[in-house]
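Some structures to go through are shown next.
One chain, chain A, links the two complexes that follow: it is found with chain B in the first and with chain C in the second.
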Partner chain A sequence: MPTRTILAFSGLVLAAVVAGAPFVLNEGVLRLATECLLVLTMAQMWNLLAGYAGLVSLGHQVFIAFGAYALFLTSGWLEVTPIWVLPVAPLVAAIVAAIIAFPLFRLRDAYFSIAMWVFAEIVGAFTMKSQAVGGTSGMPLATSKLIDFDWFEPTMFWLAGALALGTIAALYRLMTSSFGLGLMSVRDNDLAAMSLGVDVRHNRFVAFVLSAAGCGLAGALSFMGNLFIAPLAAFDVNWSVYMMFIVIIGGIGTLEGPILGVIIFFGLRELMTGPLGLSGGWYLVGLGLIAVIVMMVAPRGIWPALRDRIGVRLLDVQRAAPRSSPATVASTVSERSAV
Partner chain B sequence: MAPLLSVNGLCKRFGEIVVADGVGFELTRGECLGVIGPNGAGKSSLLNLIVGLLTADAGSIMLDGEEISGLPPHRRARKGLGRAFQIPQPFPHLSVYENALVAASYGAGLYGDAAASWTMEVLQRTGLEAKADKLAGALPLIDRKRLEFAKALASKPKLILLDEIAAGLTEPEVERLVAVIKTVKADHAMIWIEHIPHALRAVSDRILVLDFGRKVLEGPPADVMDSAIVREIYMGLKADGVA
Partner chain C sequence: MIWVETLINGALLGGLYGLLGIGLALVFGVMRVVNIAHGEFMVLSAFCAVLLANLFPSVPPLLMLVPVIALSFVVGWLYQALIVNRVVTSPDPLSPLLLTFGVSVILRNVMVEMFGADVRSLQVGELSRASLEIGGLNIGIMPLLTLVLAALLFMALQLILRRTEFGRIVRATADRRDIVRLSGVKPDRVYNYVMGLSLALGAIGGVLLAVRSSFTPFSGAERLLIAFEVVVLGGLGSFWGALLGGIALGMAQLIGLKIDPNAGLLYAHLLFFIMLLIRPSGLVSSRA
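== the complex of A and B ==
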């Protein structure tokens, strides 16, 4: 399949770029790139849930926080470099998601969104009260002395790059599988999907748990890069707001949309706070304005509108119909030989 | 021959509104039951009760000797129910092929090449093969109706439920659709709600008349269509002894 080859080749080129970038870029740019890649991963995960399973979460910061706190605590208890205990972050986030899915899935639409937010706030409030995890003032990464700081920024960037590329590759594989077909059918029309035998509730559950795990891992990496965690930063609702902005601006329910959204999101921030010298407040005003305009002009986001206009498909997950059945081919051949 | 579908004493009400009031009937393979009745008589609700989008207050629904009234819609679909909605319900951002593939993969439980070739066979039979790679959201009405039928058929159902599939089509389009439906009739049991009498007469073996959620008549198409009750319900002619 030529598309597969092109995608595999692009993947290799991108992997090589990620591998080589730390040797070329300075530390500031590298930190920004790491942040972009982690937020891209989170946005893809939020999109998996909102864009494909129809669940709009305003409480995804809770999975970021669970992942990050799990990493900080486990690393401290075991006294090992945080990198070696990274798997604990997605695991804890996934377990939390699997448990809260039971009460939360009884709620639909806005009620689900609000319940997620409330859940995140409750866990955040408990965290602030818990002196074992540093309370309101938070805690530093206990094992930061084990980190080799000559290679810290490049390692963070490599991990973030591997996570972002791995996430997109995994989502592409998922969407081209028959489970992905079920997810996309639910995205388009859940009534028709269940009438054709798709277990909508099961699909939503799997998407919810995967989405939580991905955010847990990305969140753990993000706070590991800061070497410090505090509840106000970890349980900040802005995490969800940023994911939502990126996905809605870029294109909900597409794999390309969040990529485009992240470029616009960070590009605008760097442009406005850098060369234009405006304060962070103006950046949020600009972002809000863009979101409103996009929602009015292209409600499905910039990427779907762009794709329809220029006819380019990047990460195309559409299954092509088989050209013709063997019987038809055989008859064509015999007709030709008869002539 | 044991009935494929056996519905007994089906009841459903929303407050004061009764959509099913003790409805019962039987259906065997190869048989088509036409359902008629005025707007609000409970025709679509009857289909929704059978496929599980509505839960019955009372009554039983046996498919192939198995009680299905307690199952959620997706389980009933996998047991062999294929439904074409009155208002077409395509997956607009998926291709025509993918739309039918959802039914083949989930409803019929097929994988890989088997799913792909069965899907193409269904698209050929429903005249959608040439449009297989088109997005379903961009189809004209006749093709959306065909796709509804194709999705129902691709799930390899024992029972096909058609809800006003011919409504809104031109006369030649209705004829072509009826021809397609006739080709699959022998292998399936079928329930068909329709307001177009000649289309229904061409395919149905029996016709069931619903009014206010009650079965008021069931019988051969010619008898039912000419009956006093149907004339009263549809044309407002008063017949004594009938509420």
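== the complex of A and C ==
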């Protein structure tokens, strides 16, 4: 298929750009780019849950924190460079998600959202009490002396770039698979999906665990870049605020939306806190206003509205309804169910 | 004896928590919207009360409740009319949640920028320290008054909803938004009044809580979580359940603070989470 080729080609170009960027950009820009890519990954993960599985989490910061703390602790115990223990972060976040999914999945809609938030608060409170992880004052990365600081910023950027590109590619793959189709059918009409034999609970569970794992890895990278972790930063509800605003402004339930959202998010931040000299509080007010206005004017976000107007489709995972005779429809359906 | 006192004080605090939850429960019951900005509106009303108390030092601070309640009603009416009504009929149940969350972030940060992040509280002088001694137990007058007020408000709300014309319209709108239009009721307008009422009730809780404990612009999240836990613990849509839920949370919090002085709301959150595991339908079986 030609679109596949175009996508694969642009993926290669982007990978080359990520590989070469550290040799061109200065350190400040590189740090900002790293942050953008990590937040983009988190937003994509939040979108997987909210936009495709219909579960809005206001406590996703708990997975960021679990991933980051897991990295800091294991790296300290094993006394190896933090990069080698990175796989621990998504693993721990995924295990936690798999466990709490059982009580939380009894709840729907807003109840799920706020119960997630309460869960994050509980874990945050216990973390602040636990002296083993540094209590309220947090802890530095114990193995930071093992890091080669000449290459630290570029490595962080490469990891963040690989993670962001990998996430988008994986999500694209996932959403065009039968699993993604099932997920979207549940979001659009769970009753109809169930009557066709889609396992709603299982789909949601997989989306939840994947989303947690991705956020855990992105969170671990984010705090590894700071070389320090403290509970107030790790369990900050603003993580969820950022993910949510990015997804809502850009376009919920699309893969391009969060990319657009991240551009607006960081563009606005650099503009308001830089040249305009406003504080972080006013920046959040501005971002909130944009999000609220977008929700009232274009509830699906900016990207879907833009896409319909200019007719450009980038990473579209939507499937057009077959417009052929009933016989072909039946055969496509049987083909799909065979996949 | 000290434990009995803790339990009684917890129950009294619970009355206040019930008040925090009732506004949220009302809006949820009528329009199926969880107003995430409820906590921020409560903190905003507390800021208004503190500002008014500073402007008019000769007036007893608790009298400031009257203008603050009136103001909150108007703010709630406008909030619903201008913002929430636009998504309330959205086929996507997540839209109101996301929208009100956005509003809460805006309000919180506007308050940070306007009032600063300092810790504040509403000083009511002698009244906050006055206490009764009954059989060796020390019971604060202020918490006792709060519980009585909460019970009265619950009763009043119940009466309004059960016995008055307005209450009938509200219940009918909650049941069948589309059908009430046939009787000449405009659901959006009913919603405006309900949100006004909800924020007015929230203002009472917010101001009284500001007397009891200090607050910052960031306290909204804490208040929302308490309000939400009260509603869920009490069983959705049940007013008396909300009062019971509030009392359970108040006791859990104070017992927790006795064991561990800097626990904050941890034990209240834990109680909520455990109850969610063993009894997801709430303390009182719900009747919407």
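Basically, the second predicted complex is superposed on the first by the 317 of 339 C-alpha atoms of A that agree within 3 Å, B and C clash if a C-alpha of one lies under 4 Å from a C-alpha of the other, contacts with A are read in each partner's own complex, and residues count from 1 in each chain.
The rule we apply is simple: contacts are C-beta pairs under 8 Å (C-beta built on N, C-alpha and C of every residue); 3 or more make two chains touch, one makes a residue touch a chain.
Being a predicted model, the structure only gives us computed values, none of them experimental.
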Touched partner set for A:241, first chain B, second chain C, both or neither: second
By the touch definition at the top of the document, which applies to A:197: first (chain B), second (chain C), both, or neither? first
Would you sort A:19 into first (chain B), second (chain C), both or neither based on which partner it touches? neither
Let me test your reading of the model: by the given contact rule, A:146 touches which partner, first (chain B), second (chain C), both or neither? neither
Have a look at where A:98 lands relative to chain B and chain C in the superposition and call it first, second, both or neither. neither
According to the stated criteria, A:189 is in contact with first (chain B), second (chain C), both, or neither; which is it? first
Check whether A:114 is in contact with chain B, with chain C, with both or with neither, and answer first, second, both or neither. second
In the superposed arrangement, does A:263 touch chain B (first), chain C (second), both or neither? neither
Touching A:285, do we find chain B (first), chain C (second), both, or neither? second
Larger residue footprint on chain A, choosing between chain B and chain C, goes to C
Can you name the residues of chain A that touch chain B in the complex? 178, 181-182, 184-185, 187-189, 191-200, 253, 318-322, 325
Contact footprint of chain A on chain C as seen in their complex: 34, 36, 83, 86-87, 90, 92-95, 97-99, 101-103, 105-106, 108-110, 112-113, 221, 224-225, 228-229, 232, 260, 263-266, 269-270, 272-273, 276-277, 280
Show me the residue ranges of chain A that touch chain C in the complex, using the header's touch definition. 50, 54, 56, 58, 103, 106-107, 109-111, 113-115, 117-119, 121-122, 125-126, 129, 237, 241, 244-245, 248, 279, 281-282, 284-285, 287-289, 291-292, 295-296, 299
For chain B, which residues are in contact with chain A within the complex? 51, 53, 72-74, 77-78, 82-83, 85, 89-98, 101-103, 105-109, 111, 115-117, 119-121, 123-124, 132-133, 151, 155
